[in-house]
């Protein structure tokens, strides 16, 4: 992306999601335990944002609230100017714990959200997304016959098939081996560049965040607050040994309070 | 997981009391409205219980039933656990014995009554034998499954540290299988309690099961029948509760974390 | 598995039968028959047309009691499992009813239904109702929340959520519950027939003993009970092989 293109992109920037002073507390043993504290964040249309923070800091809670599965105890989340009142098929959550339905085949899973479409269109989309995530030949297979990476791709395909304008991904590649994880990141970026969905991606992996995101939102330990928002101004495909990449990554390491040495 | 928000603490007591109250009221009024002379109201049952206490039948029958269960269940543990562990340890033997076990298992312990009467006559021996049979199969089957389900990682770790087969069984396999075995034993104890009541209805003349059948046969005392049924339920619940305490011991706790 | 290992269980059974024969020869009362006596007993039953009649009578009662219990207990259990307050409310009552032997209800069953099929069916119903109810409740508790959330995310209304997520998610556990409960029904029918009716395999056992110590028929009845019970269990296990429920039976 040239500087001129970047400027044009910034001009075209349109707000998609706006979290306005979001707080969340859970009741535990009769006491209110705060999980999120006054989180304000604006995400642009078509932007790829990573929420980065230590394990158990509440980033998944924030994502669930954005997707409408949880209601914030304070503040409000608006998408396209409308307050979020519950889950919506226009924005699909890809679950950390493998949300593919084990009683449906690969085809059945991809077709799950397509019940409003006619048969022809449904078939067409199934074929298209099976191919996109490289599951050809496994259309009739059940999830327990697939590897972890295949299940993860299937879940992404199921989400994309309903053509949502937003994707929420909760540490989607956490359980994969490191090679599959790299491949999946590349796949996700390819899909994102082709379809330009707004993506909010939760991870605790600093490298993953810097490789993927337009902006990395660094959260503190529980209760989560926004510590810093880092803009990753490197065009894709990113060179993982470039100076700028290492600079940004090490900056976040320091921000979190870790000297990056083993 | 549930459709609605977390219930408050007070609701833990509120809803059970409401439901029990409603049930007692429904029972009371349906007896009153149908005007039955035979089926007892809750109040009749309460009087029946008082009568059993007065005649010193309650504690003696309860004691008889418990004695039979403890002896029958104890014998089933003493023989069934080693047998089950051995079968689990030697899968080849298990494959040979298993078909016979599978064939014997669906036979109601009660169906053994004629055979047990030949060997033990009418009396405690026959009842205890039936309880023994009822508890034995579940105990053997859970022990076999618990041992064969012990993760091979544990076995290898044990062998890696140079344990002999006997040590491996005592120090690795048994402790690893224990949580599942205890669950199986608790289920077997529940079955023993089901069987004792049934056995007492046929094969002996004391105990809570005998109380049920005798109260009916000797003068249609349905108040005592229902009182006996309630006593059976409460006692079974207490037995189960006591056994759950054992599962609470520290060394076996790990196995139950995921099940709840 | 090679041919010789496949023969081992048969050899084991043969050894047991020989031991049985020897044991019977040394039994003082000479009431118990040997294996051949039992075969003769079964042949006797066939000759008198009783075998089929009694087997059908027992299966008839089991079928009705079991189906009635399934039709009522499973929907109720699914509802109770879903609404936590309902479960809180009925739990103490269920826990007290559970340890009561179904046979203990015999006097009440006879009072309401008389001596006959209906009493036996009602006992089987009672014996199956609670196990099915509890397994339905547990099946609901076992639904991973992520499936329901995913279903809602795709914009399913309540009815679709029930048919497309809730039912398939509880199915594996329900099938196990049904299989175990059918085993219970088979235990109960035999016991119930020994007391409350005058046909069926349980009646055969008690009647053969009371009417002239025909222990060959007693044991023939027991063998039949074992074989049919095993067949019922095997038949129910077939449901666990359906592709869309297999996921529920992994090692963990």
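As written, the chains take the letters A, B and C, and residue 1 is the first residue of each chain.
Rule of thumb we're sticking to: a contact is a pair of C-beta atoms (placed from the backbone, for glycine too) under 8 Å apart; a residue touches a chain by one contact, two chains touch by 3 or more.
Here the structure is a predicted model, which is why all the values come from computation and not from measurement.
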Dominant interface by contact count, named by its two chains: B-C
Most distant chain from chain C by Cα centroid: A
Whole-Å gap separating chain A and chain C, where each centre is the average of the chain's CA atoms: 49
Cα-centroid distance, chain B relative to chain C, in whole angstrom: 17
Inter-centroid spacing, chain B versus chain A (mean Cα positions, whole Å): 51
Residue list for chain C, restricted to those that touch at least two other chains: none
Chain A-facing residues of chain C, complex: 144, 146-147, 149-150, 152-155, 160, 164-165, 168-169, 171, 243-248, 250
Parts of chain C lying in touch with chain B, wherever the complex brings them together: 5, 8-9, 11-13, 16, 27, 29, 31-32, 82-86, 88-93, 95-108, 110-111, 140-141, 143, 145, 148, 183, 186-188, 190-191, 194-195, 202, 205-206, 208-209, 215, 218-219, 221-222, 225-230, 232-233, 251
Chain A residues touching chain C - in the complex, by the definition given at the top: 67, 69, 86-89, 92-93, 95, 97-99, 101-104, 112-113, 115, 142-144, 162
Partner chain C, residues of chain B touching it in the complex: 1-4, 7, 11-12, 15-16, 18-20, 23, 38-39, 92, 95-100, 102-115, 117-118, 149, 190, 193-195, 197-198, 201-202, 209, 212-213, 215-216, 222, 225-226, 228-230, 232-237, 239-240
